[in-house]
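Input: structures, listed below.
Both complexes below contain chain A, partnered by chain B and then by chain C.
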Partner chain A sequence: MGKTILEVKDLTTKYITRFREDVYAVDHVSLSLEEGKSLGIAGESGCGKSTLALSLMGYYFPPLHYVSGEIIIDGKNISKMDPDTIRKNILGKEIAYIPQAAMNALNPTQRIISFIEDVIHAHYPEMSRKEIYESARKRFEELNLSPAVLEKYPVELSGGMKQRTVIAISTILSPKVLIADEPSSALDVTSQKMVIRMLKNLMEKGYIKSMIFITHELPLLYNVTDDIMVMYAGQIVEKSTAKDMIFDPIHPYSKGLMGSIIVPEAGARNTKLTAIPGTPPNLKKPPAGCRFAERCKYAFNECKANAVGLKDFDEGRSYRCLIDSARLREVYKNEQQ
Partner chain B sequence: MKGYRKYFAKKLLWFFLTLIIAFVLNFVLPRLMPADPIANIMSRTARGINESAATRAMYENYVKAFGLDKPAIVQFTTYVRNAFRGDFGQSFSQYPRKVNDIISNAILWTIGLQMPAIIVGWLLGNILGALAAYIRKGFDKLLMPLSLFLSCVPAFGMAVILLGLFAVKLKIFPVAGGYGFDLIPTFSWKFIKSILLHYQLPFWSIVIISIGGQAIGMRSMSIYELNADYVKYSRYLGVKDRKIVRYVFRNAMLPQVTGLALSLGTMVGGALVAETVFSYPGLGTTILKAVTASDYPLLSAATLIITIMVLVANFAIDIIYGLIDPRVKATQFE
Partner chain C sequence: MSSNKTHHGPVCLSGRGVTKVYGFGSRKTVAVDHVDFDFYEGEIVSIVGESGSGKTTLAKMLLGLTSVTEGQIYYQGKPRDIRTRKKKKEYWTNVQAIFQDPFSSFNVFSKIDTVLLDCINMRGGRHLPRDKKIELMTEACSFVNLKFEELTNKYPFELSGGQMQRLMIARIFLLKPKVLLADEPTSMIDACSRATILDMLMNLRKETGMTIIFITHDIGLAYYVSDSVYIMEQGKIVEYGSADEVILNPKTYNTKRLISDVPKIYEVWDLSTV
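Showing the complex of A and B:
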């Protein structure tokens, strides 16, 4: 077992909305990430993936608020640190983030290099502009990005280029954890592949020590991350290695996610195309029982009665469902025929 | 830079096209006014002469002197030729003063009044708007209704209110003019003091009017920028708040620059109101006088000046803006 880089225990955060209706978008989430490993987080839109990404950084501003839980990065517990210290010592340096809408993530009136200067100066005020330029140029070359990009304004870059530039900026300080929130969702297939190759490249070269890759397309994670976590309505519903998740999803929701999208790689899809009917519940008033029960075709009365906990099965896998894993496997197998 | 040259050439072409059209209109429009300018001059110069043959001769003499007996097209070519030499002839209403002389005098007063007022109003408005967006809460709640109210007060309304309150009622400031009517323009302390006193009311009436609109514009631009994705991203990378605030206000400010350049360009148009209420000796008052006296040469020249100022301001905005805002650069220079 490698060294644990990121350890999250029972993290809960909420949005406080204008009418005092709290939205618990991250509900008792635990996860751990080892050095050199990557974790995929999948789930439909509105399941709390982006909120989890933001919550993991330990820095909160309205409307997002910390409720409970712990975040430990490379041995440092940041959930009790004061916000200014986190901003100065943790963000960008220990843990960095690529926002979901990376297309608009850059200040339109600032050259790329000037923003990089601001990012680096926030953590290393003593570095000279020349040193910063040199290290940025080197890093861009290492990542197969033209250093000419440094002199450009965001509007002068194409979509794919902008996305890769944002990735390069987010990782300029070689953070230990990188959280990429749907880094390839808005792109064409070619750019998607380039982005994924770039992220892998960052891992291989050691510029980042671990990565969390968020997507709403579960099958996309095939061959991209080591482990996968499926999220539904603010909670984890299944956790396993990527291989197990893709070839042997157990939770009916994971199963549905696998079936609802065409997979580019052959062999990954072994069920008929069946989009999950319905939409995720409103998190202002989540259902009392299993949150997926409303849409689950295997649900029975008991499912809606009491909250369902996460339980382990097989080796190192866990899922949140009342039905036994062996039984589910059997059901899926019968359906296929 | 090739893209920029093309952009520049395109803007320059438009500039000259508009200028030519404006030039023709400036000549034609005043002459469509149903009035007899010569009769106007006669009423002053021929006062006391009763013999009708003599007045007739004088009248014809004036008609000839101003070239009004020639066909309109000949008048126009003469006008164009002279205008290119910078000569706009003699004024009808202040005969025999030269139009150039009247205008160059008036324009100094106008620029002296308007330029500082517009810039001060713009600055104050933008600072207040930015603060309202940044602080929100009580400050915003107080400033916004006030700004809305101010921006709705018509220019003459503000001028009249200030005039009534500070000049007529409280008698702190003089009622009219650019300086005491009993003074001769010199560089004496007394004269400068008189100028400054006369300056206050027209100045503040323009400043107050422009603050409201600018503050509202800047506030909404700033709020929009404060919520932009790049603010959030920068924060999550640990960038200092001081820097982020600078991004936000720079971006919010850029569109406001257009507003500033435009109001500087249209200052003479806007000047009319404040200047006439306070009888300030600028272009506005001059135009008003020229209109009432059907003074074609003066009116044509004055409106031409305004046109040129507006056009130059617009041209300058396009050019400068294209250079300072990369967003415009990207969409225009392809």
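Showing the complex of A and C:
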């Protein structure tokens, strides 16, 4: 057991729409992340993955609002700090975030080095430009990026290169937690692999202590992260190690997600893809019972009536369903035959 | 599931020595370099390559959106002629496309009914009675698992990415072209909707017998949907053949690399070969 770096207890955040409606996009989420571990978050679009990532930083701006819960990074509770302190002392140093369209986040009129100067200067004003350049060059070389990139403008770089540059910039202060929100979704498979290798490299060399990786591609999560958490409609529906999640998913939703995997291996052509029917519920008026009940083929009357809590099974795994885990395994086994 | 056909239908779209050069002199870039291909009728063909390999340029040439620098494209056995506006329009009733970004494929000012009505009108249904038109639209929407009643009076931005991409397929279902070019139709939508879109493309082929040219960078998707596969690298076609042949027994280095780049489940993903 390593040291716990990030601990989240019952975090709830909401969006307030312009019609004054509350949308609870992150609903009582708890998680903990140990040193040297990585956590993957999977789910459909619109299930609250990206909102969770934004909420974890503790830096809220409208329409996103904090409701309740605690975020503890390395012993410090950041959930009740004021935004200015968070921006100065937490973001970049303790927790870093790579947004979804990171490669479009670079200002086209600045050279790459000036972004790095901005970041370092804000936290260490005493460093000279020469020192900053030297440290940036060293870091880029260690991450297999050419130092010539520092002198270039963003338009001169390819998409994959831009993405890797953004990762290098956001981890330049060696944060404890890195949140990568779909860092590879707009890239082709070859650049995607380079991005993944770079993230692994960062972990191995100790520049980042732990990582949260958000994506909807399950095969990717299996190869990158230690644990996987599946989210649905703002709630965690299943939590377990990557291997267990891929080979033995318990919640019907995780099972459905597994059914949409396509890999170029012999036999892949003859397996029928089982897409989940329907769409996620509207979070303005979430259903009273299990949120997945509408789309679940195993749902019965009781599912729609009462809210379902997260319950533990096996060792270190938990899921949110009324049906017993042994019973679900049996059902899946019968279906396969 | 897509079956591996041993006999082909007649050639629908083919090209000989097709080349596209951007710029000239010292700034010359050869995007597509003397490419030969034969796409048969009723076949799903995949063109696979990494970004910058010339897939999209080839697609644009096939659609007639950019000129061909050298070589000739043949449509149904005859050299393709799209020199006048009228002939171009006629060509486009037979060759249609689905693009990568569903959010920018629709006119933001027109409602969804208008989008579908235009397709009926284009296919010569302008004088059909109103009931018949609605029936056609409902049929198209139910083909892609959308409910027409829920879509009326809505604008495209009110739909999700997956719904928009499915609506795009409903459009194609109404238009019934001979050839459909799908340029990375699944790259902007999430993994769950991806399976639905791919299944719909396969149903479309089954129902209407059209030729589908599927452009992608993910060789896994290509293997799942297509009958034959073309691998592109730096503007050239380096390998082609039936899907099983190319993906289970890759011959060139490029194909092997494309396969190894896709994350695997049942074998270890080798990260060192980038």
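Following the convention adopted for this analysis, the second predicted complex is superposed on the first by the 327 of 337 C-alpha atoms of A that agree within 3 Å, B and C clash if a C-alpha of one lies under 4 Å from a C-alpha of the other, contacts with A are read in each partner's own complex, and residues count from 1 in each chain.
As a working rule, contacts are C-beta pairs under 8 Å (C-beta built on N, C-alpha and C of every residue); 3 or more make two chains touch, one makes a residue touch a chain.
Computed from a predicted model, the values in this text were never measured in an experiment.
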Superposition on chain A - do chain B and chain C clash or fit
fit
Counting residues of chain A touched by each partner, does chain B or chain C come out ahead?
C
What is the contact status of A:292 with respect to chain B (first) and chain C (second): first, second, both, or neither?
neither
Contact-wise, after the overlay, does A:332 reach chain B, chain C, both or neither (first, second, both, neither)?
neither
Determine, under the contact definition given at the top, whether A:256 touches first (chain B), second (chain C), both, or neither.
second
Check the residue A:217 against both partner chains and state whether it touches chain B (first), chain C (second), both, or neither.
second
Based on the superposed arrangement, let me know which partner A:207 touches: chain B (first), chain C (second), both, or neither?
neither
Between chain B (first) and chain C (second), which, if any, makes contact with A:319: first, second, both or neither?
neither
Of the two partner chains, chain B (first) and chain C (second), which one does A:190 touch, if any: first, second, both, or neither?
second
Answer with first, second, both or neither: which of chain B and chain C does A:122 touch in the superposed model?
first
After the two structures are laid over each other on chain A, how near do the C-alpha atoms of chain B and chain C get, in Å?
7
Which of the residues in chain A come into contact with chain C in the complex?
44-46, 158-160, 186-194, 196-197, 200, 216-220, 222-223, 246, 256-257, 259-266, 268-270, 272-277, 279
In their shared complex, chain B is touched by residues of chain A numbered 54, 57, 59, 61, 87-88, 90-93, 96-97, 99, 101, 104-110, 115, 118-119, 121-123, 153-156, 166, 169-170
What residues of chain C sit close enough to touch chain A in their complex?
1-2, 50-52, 145, 160-162, 187, 189-196, 198-199, 217-224, 243-244, 247-248, 257-259, 261-267, 269, 271, 274
Write out the stretch or stretches of chain B touching chain A in their complex.
228-230, 232-240, 243, 247, 250-251, 254, 325-327, 329-331
